[in-house]
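Below: a set of structures, written as C-alpha cells.
Consider the two complexes below, in which chain A is the common component and chain B and chain C are the respective partners.
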Partner chain A sequence: MNSSLDSTDTGQTPLHLTPGHWLWRSTTRHWSLLINKRSIVVNATLTLILLACALSSLALGTLSITIPDVILALQGKGTTMHTFVLEELRGPRLLAGALAGASFALAGCLMQTLARNRLATPGIIGIDNAATAFAVASVVGVGISAAPHTMALVGAAVATALAFGLAGATGTRGYRFIIAGLAIGAVSGAITQVMLSSVALDDANAAYPWTVGSLNARAPAAVNALIIGLIVGYTLSLFLNRALATLQLPEPVTASLGTRSGRVRVAGLILSVLLTGLAVSVAGPVGLIALLGPELARTISRPGSIPLTASALSGAILMVLSDLAGRLVFSPLEIPVGIIAALAGSPYLLWILLHKSPDINR
Partner chain B sequence: MKTYRNYVATWVMLFLACLASLLFGAGTLELGQAFAVLTGQGTEDARFVVMELRLPRLVIGMATGLALGVAGALLQTLTRNPLAEPGLLGVSAGSAFAVSLAILLGASTATLTTLISQVGALAGCGLVVAATRIQGAGQDPVRLVLAGATLTGLLLSLSSLLMLIDQRAADEIRFWITGSLAGKRWDQLTATMPSLLLAGAIVVGVARPLASLALGEKVAMGLGHKPGLIRLMVIVAVALLVGGATALAGPLVFVGLVVPFVARSLAGADIRKTLWLCLPIGPAMIIAADTLSRLLVTPSEMPLGVITAVIGAPVLMVIIRARRIPAL
Partner chain C sequence: MNQFMTMSKINSPRAPLAAQSLMMSHGPHTIIPHLDIELRTGEVTAIVGPNGCGKSTLLNGLARIHKPRQGTIVLDGADIHTLPARDVARKLALLPQDNSAPEGLTVTDLIRFGRHPHQSWLSQWSEDDERAVRKALRAADVGDLANRPLDTLSGGQRQRAWIAMSIAQETQLLLLDEPTSALDLGHQIEVFELIRALASQGKTIAMVVHDLVSACRYADHIIAMCHGEIVTEGTPSKVITTNLIAELYGVACDLMHDPVSGSPILVNIRRVHPAKPAEIT
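Right, the complex of A and B next:
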C-alpha cells in the first residue's frame, strides 16, 4: 500500500526515492497517487489463488462437480442438483469461511502491528475464547437473550478491556498484556466447558464443533453482520495504514510526523476486536488464522510495509483451504476447520516462539 | 519461629479443608455423625456417604494436589522459571492426549491408564526441558509459557480429533478432560500409588542436589553433583507425578503454579523448604476447590478444573504484575 513517508507535498516529488512504484498525478498537480508495484503483484496473485481455492471448494466434496459444471451452475444453467448444492450448501459456506478468514487475519495484522509483536494476535490473548464463552452463553441460554453474534462482540470487548485492566499498561513489547490475555482465555475456556457440561448431552454435542471452530453452525444473521463489519473495518484500517506505518518508527519520530499514537492505537485495537468478535460469531475460535495469515502476507510483501490487504486475502485463502481439507480428508466424516487450522498452525507457532524474534520487523 | 508458624498454619488449613470436604456436599452430615463414622459407629446412610463417596474422593484429591504441587515446584526450580507449570507448559496435555488415545483404543483398566498417562507426561516434560535449553527463547519465561500454551492447544486439537472418531469414547474423554474427582474409586488410587511413591523417593533423593543446582551448574558440579543426572531424575519424577495426577483427576491447570507460588512466598527460594510447604498446601488447595465444586451448584457439580482455573488465573496475574518476573 502507499505507506511511503517520502511523498511529501512539496511539489517536487523525489522520484528517485521511490523505485518500484507507479506515480500517478492529477493534471492540476493538487494530488498524486503512489502505487507500489510489488503490492499490486502480491495482491493480484493472492486474489487469483483465492479464486482458485474458492472454485475447488465449490467443486470438491461428497458430490464432486466438475469445474465447467460449477461455472455453468453459477451462470444459472446447471442441473437442479448442482444448483442446489452450490447455492444452498457450498456457496454460503465458502462465503462465510472466506469472510471469517479475512476478518481474523486483518484483526491479527492490526494487533501485531500495534504491539510490534507477532505473538500478539487475538487468539493468543484470549479474545477468541471470551467471545466463544459469551456466544455459547447465548446459545445455551444462561439468562441472556441477545443473539450469539452480538454476544460474541460483547465478549471480545470485555476480554480486551479486562486484559488491559489487569495488565495495567501495555508494558515493553506487550508481554504483560499477552499473559493477562492467556489467563482470561483460560478462564473463558473453563466457563465454556461449564456451560456445555451443564446442558443436555445432545445440546453439548451440537455445540461442540462450534466451540473448536467450524463453519457448520453459522447463522445467516451473523454472516450478514460480518459482511458489513468486514467492509467497514477494512476501509477504516486502510485509512489507518499510514499512521500505523509511522508507529513502527521510534516514538519521538512518530510524534514529530504528526501521528497521534494514542488515538491510532485505540482505533486499531477497536477495529481488531470488532473484526475478531464478528468472525468468531460465524466460525468459532479459529485463532491461528490470525497468526498465519499476516505471517504469510509479510513473507511475500514488501519489507517494512503493513500488508493489510494481503493479510486479509491470505487469511481467506487459509480458511477456505482448511475447511476444504477438513471436508475431504476423512470424508464423509467432517473435521471442524478449527482443528485443521490448529494442527497446521501450532507447529509453526512453536517454531516462531522458539527460534524467531517476536518482533515483527525482524 | 516464623517458618514454624507457617508450617502449623498450613497444616491447620489442610485439616479444615479435609473436614469441610467430609461434612459438606449434596447431603450435609452433622459433625457428630461424621466423627461417629470415622470412629467406627454411625448410621448406615452416613457410613455409606463418608466411607464410599467422600473419603475416596478426599484421599484421591490429597494425592492429586500433593503430586501437582510438588511437580510444579520441581519444574520451576529446574527451568528457573516461576511460570513453569505442568498444566501451562503442556505436560498435562501430553498425558491427556495419551489417555484419550488409550480410551479410544479401548483401554479401561486403571493401571494401564496410569502408565500411559505417565509416558505422555514424560514426553511432554522432555519437550519442555529441551525447549528451555534453547538459547534465547528458553531463558524468556513468558515465551516458554506461550510455547507451552501452543503445545497444549495442539495436543487438545489432536484429542478433539480423536473424539470425532468415536462418539462413545468422546463422552468418556469429554468428562475426564475437564478434570474432576467425582465418582473415583479406591482401585484407581491403588493403581497410581506405587508410581507416586517411587516419585516421592526420587524427590527425597534429588532435593538436595537440586538446591545446589539452583545456585548454578558450576556450583553443583563443584559440590560433587552431576547436573545431567539431576535433570534427568527431576524430569522422571515430574512425569510420574503429573502423569499419575492426570490419570486420577484429569488435566488440572494452574495447581502447579499456585501451590509453589504460595509455598515460595512463605518459605523463600530454598527448594527444600518450598517442597515441605507444598505437602500441606497442594492437598489443601485441591480439597478446598473440590468441596467448592460440590457446593456451588448443588445438587450437580462444577468440574474441578474450572475452579482451579478460576483460582489460578488471578495468581498468574499477580506474578506477572510484579515489577519484574522474579528469577529463580
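Right, the complex of A and C next:
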C-alpha cells in the first residue's frame, strides 16, 4: 500500500532513498540499522591487504622464510630457527607497527574531521614532536625519571593542551589551532635538539630512535598499553561517529541538528591525543601516517562518511609496508620506518599544499 | 516602549519562540544591547536592516547557536538553554548563509542529515525517517535531483536541497539567514514561494532578508533592526515608510504599492545628502 502511494505521488517507481546501503528493520519497529555497503567492501578489502602485507612482513628479511613455512611456524610446527625469528623478532615488530600505524591514522582521521582540515593531523601540528621531546628528555635523563613511553604520552597531552589554549576555545576548527600547534612543534623540536647536543654521545645515541621513528626501540609495556588504548579509543570513536558526520556541515547547521560540537570536539581531541601519544611511545614520531592513512581511506570511502575503520586499517598497512621497505631496501642495513614514511609522505603533503584545498570537504 | 506591555506580550502562550531582555556580544563588542522579540505561529517574519545591525546575530541567538550574554530565549515555554540540544533540534531548524557540504554528497544524503535529531544508534533509518525525507523531497520539489551530487546543482536547486534538509527535520520553527542571497530573480521567487508554502502548512518562519521589496511581498510581519535594536515592527504596509528607510539605510525614496499584491515598492531611491563634489576624490 505504501509503495502504491509513493508511485502515485511521483508518477513512477518509488525513489530509493538509501542507495548503497543495507537496511534492517525489526518487525516491532523498535530498531533499524543502515549499513553502508561500500564501507563493508572497503574495510574487507583493506583487511585482506593488511593480512597480505603482514604475511610478507613476516616472510621477508635478512632471513627469508617461505609463506608456507611462516604458516607452519605460526601453527607451532616450524623449525626452531623460524619460530625464533617469527615469535621473537618479526612477530612483535609487526604487531607493534600495525597497532601504531592504526593508532596514528585513527588519531589523524579524528583530528582532521574535528578541525575540518586535512593539515590538522597530530604529526603536523606538533603533537608528535612534543611527545618525542618528552621521551628524549627521559632517555637522556634531563631531570625526569619516568619511562620514555609514559613521557611521550604526557608530551602529547601537554602539546595539545597548549595548542588548544593558545588557539582559544573556538579555535579547533581551522587555522589558529594548526598555527599554534606548528609553533609548539617547532619549539619541541628545538628542545629535542638542544638536549641531544648537550648530553654524552652514548645518551644521544640511545635517544636517536625516538627522534626519527623506529620500531626497534619498542618497549613491551608500551605495546601492551597501545593494544588497550587502541581498543578503547577505536570503540569510543565509533560512538562519536554519528556526531562526527554532522561536523562536516557548516557549524550552525551542526548545532541546529542537535550536535554539541564543543563536547564532541573535546572528546575527539582527547581520543586523538591518547592514540597519538601511545603510538609515539611505541614507534616514535611517524606522523605522516596520520596524514596518509585517512587520506587513502577517504579517497576510497563513500562521500560524507567518516572512515574511522578504513583509516585505521590504511594506517596499519602503510606502517607495515614502510617498515618492510626500511628493512629490505638497503638490507642488511635498516632504515628507520619514520624516514621511509617521511620519504613517501612528504611529496603527498606538498601535493596537498599546492593542488588541494586543505578543507576536508573539497 | 512600555516595559510592561512588552513583557505581557511575550508571555502570551501563542509565541513558539521569544526572547526577553536579550543581550548578545561578539567578544568584547556588544552587538545587541537589549532586545525583546516574539515570533508568531504560522507566520513568516522578515528581519530587515542595514549590514552589521545584528540580524544574523539575533537569528543565531534565537537558534541557540550562540549563548546570549544576558536574557532568556523561550522555546515553547521553556528556556532554550535548559533544554537538551536534541530536543531543541526537533523543534527548531536553522539554515545559515554559508552552506558548504562535503564533496560528492547527494541531495538525498544531505536531506537525510535532517533526520539526525530523530535518529539514534538503534534507530538509524525508521519508517518515520523515510516518510519525512520523501515529504521533504516533494515539498522542496527536488525529487528529480534526489541522487545528484550537490556540487552539480545550480544555486537555486542547491538552496532548495538545503531547505529540504530543514523540512525533513520536521520542526515547527524554521529560521533562515538570507535564504535568497546569491540567487538570481527566478530562483529567489522559487525559494520565497517555497517558504510561503511551508508557512501555509503551519510552520513558523523567521528569515533575515536584504531585499525590502521581497520582504514586504513574502512576509506577514516585518521586524526592522538598526544598531542591534528593533526600530519598529508590524505588517509590511504599516512598517515600511520613507522615514524608516531613511533611518535604516540613509537613503531617501518614494513608496508605491504593488498593483497586484498591494505590498510596498521602493522607487526613486537616492542618497539623503548627496555627496558634494569636493567629497569625491
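FYI, the second predicted complex is superposed on the first by the 341 of 362 C-alpha atoms of A that agree within 3 Å, B and C clash if a C-alpha of one lies under 4 Å from a C-alpha of the other, contacts with A are read in each partner's own complex, and residues count from 1 in each chain.
Please note the rule applied: a contact is a pair of C-beta atoms (placed from the backbone, for glycine too) under 8 Å apart; a residue touches a chain by one contact, two chains touch by 3 or more.
What you are looking at is a predicted structure, and each value in this text was computed from that prediction instead of being measured.
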| item | value |
| --- | --- |
| Which superposed partner A:A279 touches (first chain B, second chain C, both, neither) | neither |
| Contacts of A:I179 with chain B and chain C, given as first, second, both or neither | first |
| First, second, both or neither for A:P250, with chain B first and chain C second | second |
| Which superposed partner A:A190 touches (first chain B, second chain C, both, neither) | first |
| Touched partner set for A:L343, first chain B, second chain C, both or neither | first |
| First (chain B), second (chain C), both or neither touched by A:L33 | second |
| Doubly contacted residues of chain A, that is, touched by chain B and again by chain C | none |
| Chain B residues touching chain A - in the complex, by the definition given at the top | 83, 131, 134, 137-138, 142-143, 145-147, 149-151, 153-154, 157-158, 160-161, 164-165, 167, 170-171, 174-175, 178, 253-254, 297, 300, 302-303, 305-306, 309-310, 312-314, 316-317, 320-321 |
| Chain B-facing residues of chain A, complex | 119, 124, 166-168, 175-176, 178-180, 182-184, 186-187, 189-191, 193-194, 197-198, 201, 204-205, 212, 333, 335-336, 338-339, 342-343, 346-347, 349-350, 353-355, 358 |
| Residues of chain A touching chain C in the complex | 6, 9-10, 15, 17-19, 21, 23, 25, 29-34, 239, 242, 245-246, 248-253, 255-260, 303-304, 359-362 |
| Complex interface listing, chain C residues touching chain A | 60, 63-65, 85-90, 92-96, 98-105, 108-109, 112-114, 116-117, 119, 121-127, 130, 133-134, 137-138, 143, 146-147, 149, 169, 177 |
